[in-house]
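Next up: the structures, one after another.
Okay, so subunit A shows up in both of these, paired with subunit B first and subunit C after.
Showing the complex of A and B:
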């Protein structure tokens, strides 16, 4: 009897806290999504506080569903998450294979490579959008100007001058426009999360069966075939885990979007909700429920994929 | 044979060089930030002074005047520390019970806990603002500590569970034979054996708390505002001073990056829930 009671008691605080965290705010969101609830409405003051009297049924859902900006936000969320996943996995595998050998300074290389992962997202975004990507003051602007000057110099050079005079002047790209700011976000998050993928793939590569590889070499298998048929399958599980963890984090990406894209129309789902929360709570809540549904679809898919391997 | 030998010699030099180049590229933005933090604001935007400049410590000396850095840093330190402690107090007993007395429900509870991490924070943003404002908790350190604990609880439990699972059960049974009660087991056996695991869990939770940038930005205004909130305020390029901004950014991430260097190995085991070793 005591054997069962004590373990249960020990689990209770964690379970109760998480249950509260999951159920209370979410059921409020669910309620708000079915009522008219608009904070700054002078003509209909009765809508400015939550009440069952203002029942709207699925009206908020319909309203949100018919907004172009909602679909743009979803599209953008998916674009950002899938691009980051794709880039970090490819770069992660490549870099992990590259540094999976012993050479002078391996320890320092590892430390340098992992560092971006610990930079806080707010600093990451402010650093990239202002100091690196800014078309005038950032490194991008400086680099483009430098290239233009070199080309201008080469135009008057003998022999090759005629060739370079055909070249146009390069224009620095503004990463604060609607579409380019999504690329800026993809870039900075990829920079931050590739180290994480590298770290995990590298750890996994160290447990790869070396004898198998030697046997493959003796059998005349080339480098590429060894990678394709031995290393890549070995990395299957770590890749699944990297994808799962990153999907969890990037679906709720916020600080980077807030800093890079404020006011320029490049929104992801969390940012879109964040905007609605300033006024139209009903619509914000309906969007929130859509976000939960989207996250659940992803979660079911991911947990199926990873769940089994975790419990071994 | 000669070709093979040549090939080996080439790859012995080329691949390490490439590895170094890649590592330096990845580290470059951080290095650039640190370097700029030693320039005056005027020098920081002059291309001709990109790499050659007269270093100055003024940006660090004036951090309090320019940004009120220490107030935000203190808030970050307090909230992250207490959130880490609270997370551990709740998660260690839970993970202990799950690892040593697993039932049929244990797997499902663990999966459910992980699934709470997938709940999009934005979906519950307004209820959180509404509740905390009506309870008078909005913009308090207590609230931030609680929220940070809750969002890190599932990961902490998972990490600790994977560490505890590897401790042989015989040791605990031997302890029970010797007449230890549950608290005795934890104190005499679990904590000494799993000390490394608990410490790295704490370290990782602390890093996540320090870097958190959703709730700390949306649920604070002044009193509980953390470094994320401070940095987040500098988003427009107009009126930005790269020198002082770099200094305050360096001060905000420096301690955590260094802390991270020491726990990279644990990070792998922790974040992959022991599935990658």
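Showing the complex of A and C:
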């Protein structure tokens, strides 16, 4: 036993540091979530300092639970995260399979594909919302304008004119509106994170056994069946990894939401917490604990689903 | 039916011609074995027949129908790979059922066929396991099961036993031979194992650098090798090939003697030499004899146990009727 003591002693600083690193913030959050703690209250100045005297029990949780905006934020979080996961996994698999062969310019294509991942989230959001999605100045506005002009031109054309005069004028979509800002966030994050999925799937595809595919060819499996029964199960684990990592990252999206609409309509949980923190630390902490629980549920649920459907 | 004919088949990888024009016929129901040194094109030839590689020129025919342009899945052949190539995410049952499922056969029929194949290969207890949970021999049997459910025109085996240990190899060798007797389907079998080739084959095809050196039954190849290469390649231990004075005396460039066709004496004989290593196998003893003026040692087979040991002087005399003679071009002289 004695010879185990020294390694244990040597490990201790790291373990203790890690414990503090995680435990201190978590227990502070837990503590704040059970007391009344606000930054600013003229009538009840005693609430402005964190103290056990202000114990509120589950009051903060109850307060948050009864807010409609809390449930909207949860809905929005789930919508955004699941859409992004769905899109990145599908696009990632498709692109990885497409470029998993040799063709001239392969190296450049791969570098280009990976590059969105190196753009900072805030920059990504600013670029998308102003230069691409803007209804007037962005690519979207220009494209919609162009299409409208072409149609207008075709209306006076001899044969097809009658057909095109039935077409309506297209309206560009404003992605800063309450109803649409979540889609803008989904688009820009998908664009940014698809490379991550492609990268992971590509490495996995390269380790796929070619002889299995030859055997499948002889067994009468066409390309689709080979993909369905060999490649997709082979990608099961990497897909689970991509889903897991992205779920963790995207549950805490903030910059994109701030830049697109300042949380107008499409607050997600972190943004909602951010707003509460402006004054009500207790309620914000309670929401934080809800977020932790939600993250765990989402992770477990998604992993199960991916595992079941792919591994047969 | 499964008569396979190759007509003037060639294969190039880029500029390298791996198979120069080659003709070969494998009769229906025959067990043909391809042997040859590593890199001589055995696998390539098999893959050309299977359709996994396209021929550069020439034609492949199965039952008189040209299949050169036919995709692999439509050729009606089944292949067993050296690495088994089982589908790792499927159970044994699904692995075996896979080709039938691809044919869109009704499920009840699939189940019946899979059960029958599993029974004949002793796999019934493992049907619900994944390949990763099986031993090497069991995996090999699953691969064979996957091949037989389709009732193919012919089976192609590419060194199927080389990943197994020696004892298992003997067992599987017998199983495959039995399978061939039972199914009476054409089989083409690639190996570099002498014993597998000699014991299993109806017909052995000896290849060197993509060229067929000789085709024939195992005994034909053993008793009448057509050239030096086949003589040295077929048989274990190898035939003793001697050049120089002794060969010239018999009107040949090279003379060959099988180890069992050499008489040993302690008093007199054609060659005088000293015993190097004596390998006692119980039933036989192999003497490695060093003869002056001959670079490689000569191997001699003696029945039972003989009392020669390192350094003993012995005299060797070949049985004249069984001496193989080869000319300067390497071809047999009769």
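Brief remarks on what is shown
The rule is simple: the second predicted complex is superposed on the first by the 282 of 312 C-alpha atoms of A that agree within 3 Å, B and C clash if a C-alpha of one lies under 4 Å from a C-alpha of the other, contacts with A are read in each partner's own complex, and residues count from 1 in each chain.
Assume a residue touches a chain if its C-beta (ideal position, glycine included) is under 8 Å from a C-beta of that chain, and two chains touch if they have at least 3 such contacts.
These numbers come from a predicted model, not from an experiment.
Of the two partner chains placed by the overlay, neither subunit B nor subunit C lies in contact with A:49.
Applying the stated contact rule after C-alpha superposition, one finds that A:262 touches subunit B and leaves subunit C untouched.
Partner contacting the larger number of subunit A residues, of subunit B and subunit C: B. Residue contacts after overlaying the shared chain place A:217 against subunit C, while subunit B stays out of touching range. Of the two partner chains, subunit B is the only one touched by A:199; subunit C is not. Using the contact criterion defined above for the overlaid structures, shared-chain residue A:145 touches subunit B, although it does not reach subunit C. In the superposition on chain A, A:234 makes contact with subunit C only, not with subunit B.
On subunit A, the surface touched by subunit B in one complex and the surface touched by subunit C in the other have residues 311-312 in common.
Every residue of subunit A that touches subunit B in the complex is listed here, in rising order: 3-4, 6-8, 10-11, 13-15, 17-18, 21-22, 24-26, 28-29, 32, 50, 95, 98-99, 101, 103-105, 108-123, 125-132, 134, 136-137, 139, 142, 145-146, 191, 194-196, 199-200, 203-204, 207, 237-238, 241, 245, 248, 251-252, 254-255, 258-260, 262, 269-271, 273-274, 277, 281, 284-285, 288-289, 291-292, 294-296, 298-299, 303, 306-307, 309-312.
Touching subunit C in their complex are the following residues of subunit A: 209, 211-212, 214-222, 225, 229-230, 233-234, 236, 311-312. The part of subunit C that touches subunit A in the complex is made up of residues 50, 52, 71-73, 77-79, 81, 83, 85-90, 94, 98-99, 102-103, 146, 150.
On subunit B, the positions that touch subunit A within their shared complex are 12, 15-16, 18-20, 22-24, 26-27, 29-30, 32-33, 36, 45, 47, 50, 90-91, 93-94, 96-98, 100-101, 103, 107, 109, 111-131, 149-150, 153-154, 157, 182, 207, 210-211, 213-214, 217-218, 227-229, 231-232, 234-235, 237, 240, 242, 245-246, 249, 252-253, 256-257, 259-261, 264-265, 267-268, 271-277.
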